[in-house]
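Below you'll find the structure, written out as structure tokens, and then a few comments.
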Amino acid sequence: MENVIKVTVWNEYLKEQQEPDVASIYPDGLHKAIAAFLNRDSGISAGVSIISDPEQGLSEAVLDATDVLVWWGHRYHGDVQDHLVQRVVDHVRRGMGIIFLHSAHESKPMKSLLGTSGYLGWREAGEKCRVWAAAPAHPIAQGIPGQFVIEHEEMYSEPFGVPEPDATVFISWFEGGNVFRSGLCYQREYGRIFYFQPGHETYPAYHQPVIQQVITNAVKWAKPVTRIALRNCPQMEALEKIGG
Amino acid sequence: MENVIKVTVWNEYLKEQQEPDVASIYPDGLHKAIAAFLNRDSGISAGVSIISDPEQGLSEAVLDATDVLVWWGHRYHGDVQDHLVQRVVDHVRRGMGIIFLHSAHESKPMKSLLGTSGYLGWREAGEKCRVWAAAPAHPIAQGIPGQFVIEHEEMYSEPFGVPEPDATVFISWFEGGNVFRSGLCYQREYGRIFYFQPGHETYPAYHQPVIQQVITNAVKWAKPVTRIALRNCPQMEALEKIGG
Amino acid sequence: MENVIKVTVWNEYLKEQQEPDVASIYPDGLHKAIAAFLNRDSGISAGVSIISDPEQGLSEAVLDATDVLVWWGHRYHGDVQDHLVQRVVDHVRRGMGIIFLHSAHESKPMKSLLGTSGYLGWREAGEKCRVWAAAPAHPIAQGIPGQFVIEHEEMYSEPFGVPEPDATVFISWFEGGNVFRSGLCYQREYGRIFYFQPGHETYPAYHQPVIQQVITNAVKWAKPVTRIALRNCPQMEALEKIGG
Amino acid sequence: MENVIKVTVWNEYLKEQQEPDVASIYPDGLHKAIAAFLNRDSGISAGVSIISDPEQGLSEAVLDATDVLVWWGHRYHGDVQDHLVQRVVDHVRRGMGIIFLHSAHESKPMKSLLGTSGYLGWREAGEKCRVWAAAPAHPIAQGIPGQFVIEHEEMYSEPFGVPEPDATVFISWFEGGNVFRSGLCYQREYGRIFYFQPGHETYPAYHQPVIQQVITNAVKWAKPVTRIALRNCPQMEALEKIGG
């Protein structure tokens, strides 16, 4: 059991997500749907946490017990408390993996880790999206076809206000004429970061097996190589004689 | 005059390009069309060179007098002699800029400089292409709209077998459902490299002002910061006492 | 005059910097010493701003009138107000260049823009430092020798907790046995970022011509390519018919 | 057994390496010393191949049966036949990992894969070298101390003529005053590449446990994620109606 990857799927899960149009797709919330498919992989143990939990679901106990945090948020980005954002960021810097889904591009943790605004264009027209694997050799693309279709998705468009990534794993084509780098990898000190675009709450993207596979792969890629304790800049003794 | 950027536009310009369907679009060859629009910029002085010139248009004299080489080739990649490829590569490593256009993705100099195969998917269907500026802050994207249309272009598709670039300047949307990273920057030692996808010989892409602007911008970006002579790995004296 | 680069050199300039050991080296403060050598370049117009100024020297008026901000801070990182940090970060994302000097590795703006902690090892032993140009073709290295000596500098050591940079311009050798990536470039949306290690307040690094040249070069490299207004994620109309 | 990583250690192993000063350190050649310590890891099965073997030790059969190729060469770089270099490069592009040791910086396969000259400064003075882990979170740095000493090594110095790496894992300090990026990662299509500086033939670097650990880690990092067959650019059918 010691190699099982411990995942926490964080979600706002406030009233909009509990209303009929979303609840008909994700009756128990997106977080539980995501945790459920992750738990079908014997190498993963996924739990959930939501913004109305104590410490907004981001206690030290929760994060200490999390190898990879999956983040879904949209309308309540601004409500996540700054000291909790800083706590998440610190855990990533010290090794916890993090996967940002869909509208998390504007979440405080993603903006804090990437240093950018997450700017993009958008359109909610239920249009067709084709996701292309631009880096087929990347671990996150294994078992994923060269191209797959999401029948209805919110459109996100370039230019995407993020740093040039370490790896451009997926690029999406949208029926209405737009393109978007939809799967991107970053490293921030000890922590690995993956952004993945699909998952508007009114469409069933997280029920689609190929998308489940991408997120499962991403969890495995983002698990900590090693994890370190809090640290301050150390004063170091000289190794060689100075002023000899 | 000393700050004028000296450009050489290299082209195969063999019989296919002189036949009616191409010649009707580029009566004097693609190279002369490209040189002509570059020469409208007072900061650029562009000449041409073709595969049937002495030393295949790639003599030391030509390259020494070139700040930025623009490369268009397609059917005769294999005919470019290896020692001339090496000469081009050496000039880039020592500071000469190079711009690879369209099917130059499989040219020997591009493969030698990037280390990859230039693998991609393709389709010749005269379809619509939308080019998106993914890096609107990049010098090559200045004055270029967020998105522009090429009415008819050969389709190139991801996955594109190139290294993760230093900058992803453009990404293209194709009518038939594909995407492609169509404007990419690299650095190899002292030389700057830009790959730009548009320009199949049977369509008039190089007559389109926005494409002319991209290539003009790219020439200015790729001009040498500094240029060095041939060099071998130097033996260096110790700066500090060893074994003290 | 319109092409002159407007620089603001920001400094804490609180009591420690006004005490004899620092004041003997920088009688008017490090900020004024830096601005003075920048102003010797006819292409640069440099002013100063300090933490005790209104809005901590970071008013919208100051930043709007700044092409490149140079940041020196050490003991008072924590005192810079968060909304002003956010203002600086927003200006960088929208095109303002920024140069972080020495202990700015732990400043709030640098950590916010890079997403990392700025972790490093240090030693204050007045030891010799040799700065090597690892990217001699980079604009910031022009006119700088392959290696130069700083006779006495605070030591900073790897591992340096920053993202893999876009360019590793300088790497430093320290007498006591350490190495440090001492000149690093990043881009965050429209803004360019340069970190440069030399400049502990009790040593005269900023009086050394080669260091003045590096910072002058960095200002020219970091000046905005273009600068944009505040922006939110735009809703975009479809360019192609959806659901045809 | 099916998960065992198959390694081939390639070496020139010509007369210089069989002479007393080298043979006293590596009696059976560097290749056999390297294979021997790799074989102590139960997850690795390492064989050897040398330039005097049929097809210079680089037959299709050898490469097909190799997950990760380790390359040591120095005086006979020029003797490796170009079609065999191309074969190695093709295998890397299709997924085989490759580790370049020491003077392999100027080998034909490394120059072909990186696109650069491998330029560097050097000095053979048997000086002390300190290797710093600049990316302690990288898989190749696991179990390696923050800094370790090689008592006697050939000096290699910046500037190092290679592309900006995907990861700067190690940076070395040399007693004589130089620095060098001594452990660098790259990806070329499906293949992973690691360059590691230690290993001059007249010093016992490959007998040092920490260096054995780095190379063992590197083999595990470089093993193929997936491996593909030879491929040409495919013509692709349209997925969407064109000219609708």
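We call the chains A, B, C and D, going by the order they appear; numbering starts again at 1 in every chain.
By our rule, contacts are C-beta pairs under 8 Å (C-beta built on N, C-alpha and C of every residue); 3 or more make two chains touch, one makes a residue touch a chain.
This is a predicted model, so every value here is computed, not measured.
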item	value
Interface composition of copies chain B and chain C: same or different, split at half	same
Pair joined by the larger number of C-beta contacts - A-B, A-C	A-C
Mean-CA-position distance for chain C and chain A (Å)	31
Inter-centroid spacing, chain B versus chain A (mean Cα positions, whole Å)	36
Residues of chain B engaged with two or more neighbouring chains	130, 136, 147, 157, 164, 166, 175, 177-178, 187, 189, 239-240
Partner chain C, residues of chain D touching it in the complex	130, 132-136, 146-147, 157-160, 164-168, 171-174, 177-179, 181, 241, 244
In the complex, chain C residues that touch chain B	95, 130, 136-139, 142, 147, 166, 175, 187, 189-191, 225-226, 239-240
Residues on chain A engaged by chain C in the complex (per definition of touch)	82, 89-90, 93, 106, 112-123, 125-128, 155, 157, 161, 163-164, 166, 175-178, 186-189, 231, 233-240, 242-243
